[in-house]
Every structure is written in C-alpha cells, then in structure tokens.
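Chain naming follows the written order as A, B, C and D, and within any one chain the residues start at number 1.
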Amino acid sequence: MFHKIISRKDFADLIKDNMTIMIGGFLGCGTPETLVDVILEKGSKNLTIICNDTSFTDKGLGRLIAAKQVARVITSHIGTNAETGKQMVDGTLKVDLVPQGTLVERIRCAGAGLGGVLTPTGVGTMVEEGKQKLTVEGIDYLLELPLRAELALIGGSIVDKAGNVVYNGTTRNFNPIMAMAADVVVVEAQKLVEIGEIQPELVMTPSPLVTHIFAPAKS
Amino acid sequence: MFHKIISRKDFADLIKDNMTIMIGGFLGCGTPETLVDVILEKGSKNLTIICNDTSFTDKGLGRLIAAKQVARVITSHIGTNAETGKQMVDGTLKVDLVPQGTLVERIRCAGAGLGGVLTPTGVGTMVEEGKQKLTVEGIDYLLELPLRAELALIGGSIVDKAGNVVYNGTTRNFNPIMAMAADVVVVEAQKLVEIGEIQPELVMTPSPLVTHIFAPAKS
Amino acid sequence: MIEDVNLAKTIIARRIAREFKNNQLVNLGIGLPTLIANHIPEGINVIFQSENGIIGMGPAPLPGKENPDVTNAGGALVTALPYGCYFDTAMSFALIRGKHVEYTVLGALEVDQEGSLASWIIPGKKVPGMGGAMDLVVGAKNVIVSTLHTERGKPKILKKCALPLTARHVVNMIVSELAVFRVTPGGLALIEINKDSSVDEIRANTDADFIVSENLKTMEV
Amino acid sequence: MIEDVNLAKTIIARRIAREFKNNQLVNLGIGLPTLIANHIPEGINVIFQSENGIIGMGPAPLPGKENPDVTNAGGALVTALPYGCYFDTAMSFALIRGKHVEYTVLGALEVDQEGSLASWIIPGKKVPGMGGAMDLVVGAKNVIVSTLHTERGKPKILKKCALPLTARHVVNMIVSELAVFRVTPGGLALIEINKDSSVDEIRANTDADFIVSENLKTMEV
C-alpha cells in the first residue's frame, strides 16, 4: 500500500548542489548520520543547511562543514565546531545566527502555513537588524518570518512502513518540526517496524509528512 | 513529593463569578465532565468560556450555557447547541466566533510567550474586522493576538501523580494547548497512575504545567 | 433535474470519490461529503484526516467495539486504521493551513464563479460558526465544493455570493448532481455533465457565467 | 579575593542552589550553572528542564547504563527521573518563552547594573552563537547570572555592557563568589556578601554603581 522505502542510491540522487536542506538533531543527538554519510560520499557543493547547531567536526552535520560542502548555514550555535568559525572568518561560509526558540518557530510557521510570529526574543539586540518591530499592548516584538527547505533529513527512532515516526528521548528536538517544512522529507529509521506496531497516540510525525524512509542495513 | 490532588470542594472553591475559563474538548470528546458538574452545582455566574465549540445542551460545557451561567463565549462553532444561538439572539450571551485554527494558535501564543501570529485564514471575510493586516512577500495575513485564561480545565485520560498527562484518541484536541495558557490548570484524571507508569515519550502535557489533579471517585 | 435527493447526493459522492489518487490526505466535511468515504474506487487508498485530531480515520465502529475517545469532527464515533495516529488541534491545523492536506471537500450555502464560498452564517437567521472551514479552504491544496445544484428550486452556484464569505477565491472545483465545474482564472468552466442532463438545463439552473469546455465529458460516477 | 577558582565556583553554585523552592522548574546553563544541581539542599525537589527537550533531568548515567538518546543541552549523556518527559524544540521554547520556567541560571561575558547581559559574541574574536540563551533570559520568570566576580583581574559586573547584548533589562540577580546583587528598578543592590570579603573589596572589583542594602547579609553557602 505504501511504497516509501528508498535505497542509498535513490537517496543520493535526491541531493543536488546548491540545495537548501534542514537536518534534525541537537549536537548530533537525533541527527540521521547515515544520510549525512551519503551526502559526504556524493560530495555535493554549495549547500545551505538549516540546523540547530553545527555539531562537531567529526559528528552529525558538522562533518559537511568540515568537508567544505556548505556555503551557508542558518543555525543558533556554532561554538562546538571550530571549522564553522574558521570558514566564517575566512569568508567561505556565510553564517546566519538565529535564537533557538525563534529558529524553531520560523520553521514551524513555514510548516503550518503561518506568515510569521511575533517574539520578544532578540529585542534590543543585534538580532533586531533589518526586522519589522511591532508593539502589542505596550510590549515590543520582532516579526520573524517562515523558513522552509527543499529537503528535510530526519532522524527517526522507530518508523513504520507507512512513515509514522517516533523519536526516543531527546532525539526529538527539531525533527518533527522540520518534517513539516520541506518539499521532500526523508526519515532515517533506526528501527523499521510493520504498520500497526506503533501506538497511534505515540506517533510524533504523522505518515503523510514523510516522503521517503531510509533504513540503513544493520552492520 | 508532589501534592497536586484536590477534592471536589477544593476545586469548587477555585471557581469565581466573572472568571475566564478555558475548557478542553471537541463536541464533548475530551471535556472534563465532572469539573463541569461542579461548576453547575456551584452555580457561578457571568463566566467567560473559551472553547472549541459549545457542545450540546446536555453534554460537556454546553450545559453551562443551558444553565445561563455564561456571559460570553469565545469559540469556533455553536451550531450543535440551540441555547447558544437563542441566548445570543436574546442578547444575554456574547458570542465571539473565531476560526478553529486561529483559536488554537491564539491560545498557543499566550502559552508560548509569543505576541501574535500571522494567518491567512479569514482574510477577505468578516473575521478581518478590527484586525491589523500585514502583507508578507505579497500575501495578506491577519495579525491574531494571544488569548489567555485565569483557569484551564483539562480532560486527561491517564495522569500520573506528578501531573504528567496522556490523552487517548481524539480527546487530545485543545487540551494540551490550553494547559499552557492559564494561570491555574486543573486536570480531571480519567485514570490516575503512580509516577513512573507513563512512558516519558508519551507525555503530552508535562507535569509542571498542571497545578491541580482532580480524580473523580469511581462510581 | 434529479428529484431524488438521496440519488443526487450519491451521484455527487461517487463522482468526487474518483478524484483522489493513491495515499492522498483528504479532509471530508460534515454532511454530504462524509458519504464520499463509502465510494472510493477499489485499489485506491485514501488517507482521511479529521480536524479534531486524527489521520487514518476508518469507518464507524462495529457494535460492541465503540470507543468514546475516538470521534470525528462531527462528534460521531469512528475508528482508526492500523496506520492511523492522533494529534492535538494545533498540529491538526498546522497540517491543514500548511498545505499538507491534498483535498478538502465541503458543502456550501453559496458558491460563486470567482471561487468564493459562503457556509457559516445567515445573518439574523442561523449562525453555526465557521468551525474549521475557513482554515480548511485557505489551507488545503485543492478545495472541492459538493452541493446539490439547486435548493428549493434556487441555484446554489452564483455570479457572486451574497452571504458573508468563508473565504475568497479558494474553490478549485464544484461538483453537483448535474455538473462538474472547474474554477479557472478566466471564470467557471463546465467540464462534465450528467448523462441525463443538458447544457441548457444547467444554464437554466445556474446563476453564474460559465464557459463550456471544448472537452466536455459525461460525469463518470 | 578567592584565588581558588574551583572553590569560587562551588561557593556560587551552593548559594544559587539555596534559591529554589520545592517543585520549581529550573533551567541551568552549560558550565558553572551545571554545578548547581549537585548542591540542592536536602528536602527540596527541583525539576530540571534542558532546552533540547527534557523535563525531569537526572544525573549522569551510571557506567553501563548510558543511553545515547538522552542528552542535555551541552550534548552530555544524562538520565530522566521517573516523573520525567521528553518533547520537541517548539514545545521546549514555548515553555521557556511562555514563563513556565521559574529560574534560568546562566553565565555571562558581561552583566551590567541595568540588568542587561552579553554572553554570545566577542566580535572579531569568538562567535559561539546565542543558542537558547536569548529566549531563556527573555522568557524565564527569574534570571540569575552566575559569574566569577572578575576575570583576569577585570570586573565582570559593569555600568554598561560593551559587548553585543543577549538581552536588555532582564537579569534579576547576580551571584559571584564575593557577593549577591539584586537588580532593582533603582539600580543594583548589594544584598549579601561573602563572610571573607568586605564592601570595600567588592567596590574595588565591581565596575558598576550599587547601593548597599540596609539588610546586608552574609552569603549562606
């Protein structure tokens, strides 16, 4: 009934130079490592990556930066990846720093068909620059706009063959929000199960949001 | 460690005339019926109720309207409760109709510390009236503002003694969103369990949001 | 005209049911649209969403299998299919407004040649409220209005809605028991016609301008 | 001055740990604030949130009990207590911005007498990014800056931050190894002092104006 499982090669074919890609995870926890492996192997260039943080040079999506495949990153924190700072100073990597709560709301707006949100975060700081400021009931807010991607790469703990996803522990983080805000959504399944094996209340990303499921071969 | 369980009388003491109360549920499904019973018994007047719909005259929060305890209702649908329409025409009940998706986002804004959201819903209709309109990238949006309450009444399916809540099936609806947007949050527990009995991934309302737990005596 | 209202509704439901492709996410409104679920062609899996918080909605429960915690947006008891899941209203309308729902099908008091519709208020008479309808028609990728062609002899498809709107310029397709119209940038196009009707009959019962498609087909139901 | 940095940090952690009441929700930043969890007085249950998506965070796992799927905002492996739960980043920052977190404790590069702080960028030198800090200090009900009183002999508590701000006018309390200040509408108030320090020593090492509370107390640690 559902035919969502793709091969490593099929996934590689989806990746193009200059693509805008969201990648889930928080300092690597919840990041789909094998999907990142495939992009490293393919060597696609000039990527724009949207992510919570740039992880470490040898873990998660941080490896794409170390491999100089990224032209721009939209993120909240780069302090754990020395390459990000270095390439930013060298001028080879553009870094847009966004407060974490604002970043997730901007992605949510794109996924939820909202035109923007008003947040108090960043008022009176450099984050204000170039943004519309609105005052509601005497409080100043920044208008923050939606953020979308062509592709979202999601790290799922338990995935059924329809595409329903459960995230264990703190691997959830940005994953279910990003799964709503991209044209194509690929989930790497840590554990692939049959339809009906996931309690319907426990589903965190409903199956229609998932375009493709990638289940790495067990080593 | 946690002392959140309250008696029927303690809950009754929380209810005051003229209060603004959010009540979860969708046509009664997920509504904390016993908490509504207590408000009916107490007979508090001039309440403002925020809810998805006004249910039926003999079910859920619809009973409060039938009992003429409500002065104002902020809701998306009143078609299933003849009393709501009648009292609106008589001028004894003020009805603010809000699109369902806008209603839930306004409540979410209040709970999430956001100053408002831009939604395309309602543009070019009566819903526009009195609202600020913003154009972002050529698309018109309405700026919708936060909606808070003094009290939120939540229908929980499984509640542990710390206050973590699980909602079964479609009882979830507005419940977890309202649980973030009120000064005091009371959950009616269909089933009360010990701490540790709920899988931490399955929690839908984290315990710190819950002020009081009411567990009706089994009949 | 088709005098038998139940037959008319079945024709509409069967025609709309043919519109969906495999694994598309569809939201059916209360009333007539609900009937569509009974007429999905064999071999096609349609995934039903209901805005109260369920994807993978199945048929009404068998006697003795009712679960009061599993309802649809009309408050009726339903079931969840094995691939189904539940979520809160914020997520439900994120899916709806965020263009994740392929089709929404709903009734209307009036629908017009500009693709606007009215469905939530008759001022001074009846005010049910908009519920989720305003979000659904703004957010779904495709909006189908399902409607009897006339009500008490009066056309439902108009040049311009007179009642307060649910939304402006959002309807993609109108399906009645007599005809199927597409709303195009140039106006209404009649693209299908009931085998027992005629363009003249449709003109006589439609209060809107429309062109007749060069490709006019018989409604398959 | 207290020359032993580890002792200084312990004093700060122990003092802040006394601030919390039973069952309050608290977010501790990376670094010095993390130490506070080890010094909560007996009989007080503090509920720890970490912005990566956990409430009810417990201590580091015992050897052999590590779960790579349970981390804190610094990426370290942690545990969940029996009343704990997990959620996504949108929910996490809804809790933070929505005033559901009672205390956030974080370090700063600079903090000033107006309650502004700088913690995320030294232009041209070091740009870690703000992470969740801007949301935390704007959203938490109470903001405590935990900081060594000086760094390389230079005061950290200033009249006005020179570095780009994390937020303006949000800090409620500043705790160093020498002193506790409250930020009041009238400016900084010195409310507690280390038993081995003096008001003169604090004046000499603080680059901000402050009044000495009539109620000046000895820091209990």
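Note that a contact is a pair of C-beta atoms (placed from the backbone, for glycine too) under 8 Å apart; a residue touches a chain by one contact, two chains touch by 3 or more.
As the structure is a computational prediction, the values presented were derived from the model and not from experiment.
Q: By label order, what chains touch subunit A and subunit D together?
A: Chains that touch both subunit A and subunit D, as defined above, are B.
Q: Using CA atom averages as chain centres, what separation in Å is found between subunit A and subunit B?
A: The computed centroid separation for subunit A versus subunit B comes out at 32 Å.
Q: Averaged over CA atoms, how far is the centre of subunit B from the centre of subunit C? Could you give it in whole Å?
A: That pair's centroid distance is 29 Å.
Q: I'd like to verify one number: the distance from the centre of subunit B to the centre of subunit D, where each centre is the average of its C-alpha atoms, in whole angstrom.
A: 35
Q: If you look at subunit D, which of its residues touch at least two other chains?
A: Only 80, 86-87, 93, 96-97, 138-139 qualify.
Q: Would you please write down the residue numbers of subunit B that are in contact with two or more other chains?
A: Subunit B, residues with two or more chain partners: 105, 108, 113-114, 119-120, 167-169, 172, 200-201.
Q: Once you've mapped the touching chain pairs, tell me: line, ring, star, complete or other?
A: other
Q: Looking at the whole structure, which two-chain pairs count as touching?
A: Every pair of chains in contact is listed here: A-B, A-C, A-D, B-C, B-D.
Q: So in the complex, the part of subunit D that touches subunit A is made up of which residues?
A: Residues of subunit D touching subunit A: 50-54, 67-75, 80, 86-90, 92-93, 96-97, 116, 120-121, 126-135, 138-139, 164-169.
Q: Flag every residue of subunit A that touches subunit D in the complex, lowest number first.
A: Answer in residue numbers: 26-30, 52-53, 75-80, 85, 88, 95, 97, 99-102, 104-105, 108, 119-127, 157, 167-177, 204.
Q: Mind pulling up the subunit D residues that touch subunit B in the complex?
A: Counting only subunit D, the residues touching subunit B are 23, 25, 45, 47, 49, 55-56, 80, 82-87, 93-100, 138-139.
Q: For a test of understanding, state which residues of subunit B touch subunit A in their complex under the given definition.
A: Subunit B reaches subunit A through residues 105, 109, 113-120, 134, 136, 139, 141, 143, 145, 166-169, 172, 199-202.
Q: Along subunit A, where are the residues that touch subunit C in the complex?
A: Within the complex, subunit A contacts subunit C at residues 1-2, 108, 110-114, 160, 162, 164, 180-181, 195-196, 198, 200-201, 203, 206-209.
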